[in-house]
Amino acid sequence: MTDTRKTGIGKIAITLAVSDNREVKFIEEYQKKGYSLVKGGVGSMNAGKIFAAIETAVFRQDIIRENYHEEHALYHAISEAFSGYCRGPVALESVLRTTGLVFTVVRGNLSVDDKKNGEWIAVVLYGFIGSPRKGFEHEAIGMGIQSI
Amino acid sequence: MTDTRKTGIGKIAITLAVSDNREVKFIEEYQKKGYSLVKGGVGSMNAGKIFAAIETAVFRQDIIRENYHEEHALYHAISEAFSGYCRGPVALESVLRTTGLVFTVVRGNLSVDDKKNGEWIAVVLYGFIGSPRKGFEHEAIGMGIQSI
Amino acid sequence: MTDTRKTGIGKIAITLAVSDNREVKFIEEYQKKGYSLVKGGVGSMNAGKIFAAIETAVFRQDIIRENYHEEHALYHAISEAFSGYCRGPVALESVLRTTGLVFTVVRGNLSVDDKKNGEWIAVVLYGFIGSPRKGFEHEAIGMGIQSI
Amino acid sequence: MTDTRKTGIGKIAITLAVSDNREVKFIEEYQKKGYSLVKGGVGSMNAGKIFAAIETAVFRQDIIRENYHEEHALYHAISEAFSGYCRGPVALESVLRTTGLVFTVVRGNLSVDDKKNGEWIAVVLYGFIGSPRKGFEHEAIGMGIQSI
Amino acid sequence: MTDTRKTGIGKIAITLAVSDNREVKFIEEYQKKGYSLVKGGVGSMNAGKIFAAIETAVFRQDIIRENYHEEHALYHAISEAFSGYCRGPVALESVLRTTGLVFTVVRGNLSVDDKKNGEWIAVVLYGFIGSPRKGFEHEAIGMGIQSI
Amino acid sequence: MTDTRKTGIGKIAITLAVSDNREVKFIEEYQKKGYSLVKGGVGSMNAGKIFAAIETAVFRQDIIRENYHEEHALYHAISEAFSGYCRGPVALESVLRTTGLVFTVVRGNLSVDDKKNGEWIAVVLYGFIGSPRKGFEHEAIGMGIQSI
């Protein structure tokens, strides 16, 4: 079995998503190792707004270049992350649920010690999903990883 | 937007899944707060074996009682976690991929400071998924949470 | 093979959904056996409205308590019933179809003679689904059952 | 909203599936109204065997003609019924669950009083689905209707 | 293995969809062989509008009769084609993507030399799908075939 | 709406898949324009074998380099193509169907006149899918396109 203890790009993105403090320090630590990282937040019943918020943050931070080749990889990573976050119908409003979440996007090698497989992008969504009624919600997580 | 900084049952299960050391201490810390926790590992192209490995570990550690009411909640949590882990077709061998993963199961309140919403169970799968060829794989994560 | 002739909570909910008369008597008969039952109707191209109509009817009839633990079980039962009703994309308006349906919700034991597996909730949707054009529709059914 | 009280082909198939006795009489009653009906049972972890058992019963009872035009409609009706029965991943063994079910197949008009929309075929699956462990299972239902 | 070189109804619909000129001649050629054919175009973020545009074109060209039996076969063929076109979540706007496409609908025998399996309908969608941003899109294709 | 008349990488792969002769000439024509192309065939009830046959053909023809970065893009393109080919449950044997198909893989620019969006890979599956019974089958097509 693969060693799940090594520091992969996914673990970096997950850890940043669930961390509650010292995020600036965490980001700096991995920037020194060659990664680009961004963390943001968005809440909506409208799934399209979640996709848009992540794309906007990623372009604003220059995590990816503004061409279709790279945007396509980002889109697929977001789409997979959102699909995993939803665990079933890939939908919010139409199945009467809403979400508030933080997202992290990390670009770099597949793992800290991997140099031969090129660059990748990982997107993690972590937050609360539930009925549009205060407190009627539980946590969810989703992650998508694409070569870029 | 919901505060993603509070310590929810999902965050406990995710953190235990991606942590590389001091797991015993982490488990003890949350046992003191009323949670039951288990961490294990399994690798297979056969998704059914992953379900079975988790159920076996959970029963062996007495995380749930051996009745159908509780087993059903566990099954749904595993099923949602696996669906999120797969991000698309809920399948391994039939789409020519395999996985090695760690799983964590946590039972207790929705969050450390929540007492009014009863007991829940969270299942997290974290590992590597890819072609049945050494090194051709990347990370994935999935989580399911059910009332129990 | 399991005996499909015993009176399970699902069969109670299905029978109530497709029955055309004597529903009051049927409901009273099963209330005496410890079940809570509700039947209602809703028509919409908007799936969210169907979820909302069921939740409202259930709360109004005190079938479940107004906490998240029970609402979560109800939500999952509705979501599974709707997924089965749709048989493919879990969507109405976005794939140009509409529906008029009756729903039944039953709470109680898994079957009339089962006492050891705790309480469950069954949701059945039965109705007509089709193009937004009079008479261009056929029947559909879906059921979700959750431990509560 | 459509009147769910009329006797549609789906309601005939559902009623036959959940009825516990007098099935012969029920079948005769609807044969007089121009319908062809069959009821059978099958149990398996292997979904393909369920498809095969239904096709075999239908051909043996001459419900459909042995050409691809009619077999295709039957296949789609079975596939939709099974998809609705599964309510999520369309799978049994690979998500560690098994089922024992009865199936009904009805061929005829969309409803008893409809003469202008040609012939249709309805397939209903009703039974118990759950872990491969005695008693750890609950009911499920699925229905597919196709023009033939 | 089946001979993929014979001229099936699907291949006729695909070829018409991707052909850039001489479409009138192509349509006439297959009309002489007993097929009905239509080609049209539509662009939208709203999937329902795509379904509606195809149904309208088909009725206007008298490819199918205006009864539910035939409309149901058409609907299923469109739905399968759109599902194949989307390759994952059957959605456009809600996953922040849009499309511009051509559609073809062909009605007739399963293949030019098949006379014994009755009439069928094939729907092909071919076009570009992507972010709502000029040039950020790639091609997609989907096809549904139903007996009619 | 996007002009569906330009020669995209998808149209190249589709045209090669449905062409019945002069394939060698077609391949040479697009090789001169900078594309790599391969066409092959496979028949199976086992979806994994279809994935494997395509990967083998692609590596044998040096369409992609043998590293995970490129293999991952190929895998996703195959997976999307197969998902579109299946139009619903991404499964063959478990829903009692089999297929015989040709596949084409094309690597190069998004369209003949596009130079600014880097390299992409398109996978097309075209063939016959149906019951495991001679002649009980119809055509299907699926395509996946990924940046590489």
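Going in written order, the chains are labelled A, B, C, D, E and F, and every chain counts its residues from 1.
Assume a residue touches a chain if its C-beta (ideal position, glycine included) is under 8 Å from a C-beta of that chain, and two chains touch if they have at least 3 such contacts.
None of these values were measured; they are calculated from a predicted model.
**Q** So which pair out of A-F, A-E or D-E basically repeats C-E, with more than half the contacts the same?
**A** Within A-F, A-E or D-E, the interface duplicating C-E belongs to A-E.
**Q** Determine which of the two chain pairs, D-F or A-F, is joined by the larger number of C-beta pairs in contact.
**A** Top pair by contacting C-beta pairs is D-F.
**Q** Between subunit A and subunit C, tell me the centre distance in angstrom, where each centre is the average of that chain's C-alpha atoms.
**A** Spacing between the chain centres: roughly 36 Å.
**Q** If you average the Cα atoms of subunit C and of subunit F to get two centres, how far apart are those centres in Å?
**A** Inter-chain centre distance comes to 43 Å.
**Q** Round to the nearest whole Å and give the separation of the Cα centres of subunit C and subunit D.
**A** 19
**Q** By residue number and range, which residues of subunit D touch two or more other chains?
**A** As it turns out, subunit D has residues touching two or more other chains at 68, 72, 83, 88, 91, 93-94, 110, 117, 120, 135, 137-138.
**Q** Write out all the pairs of touching chains, ordered by chain label.
**A** Per the contact definition above, the touching pairs are A-B, A-C, A-E, A-F, B-C, B-D, B-F, C-D, C-E, D-E, D-F, E-F.
**Q** Which residues, counting only subunit C, touch subunit A once they are in their complex?
**A** 46-48, 51-52, 55, 68, 71-72, 75, 79, 82-83, 90-94
**Q** Write out the stretch or stretches of subunit B touching subunit A in their complex.
**A** 1-2, 4-5, 8-11, 14-15, 18, 20, 41-43, 80-81, 83-88, 100-102, 110, 117, 120, 122, 124, 126-128, 135, 137-145
**Q** Mind listing the subunit D positions that touch subunit B in their complex?
**A** Its residues touching subunit B are 88-89, 91, 93-97, 130-131, 133, 135-138.
**Q** Please output the residues of subunit A touching subunit F within their complex, sorted ascending.
**A** So the residues of subunit A in touch with subunit F come to 67-70, 72-73, 76, 110, 116-120, 146-148.
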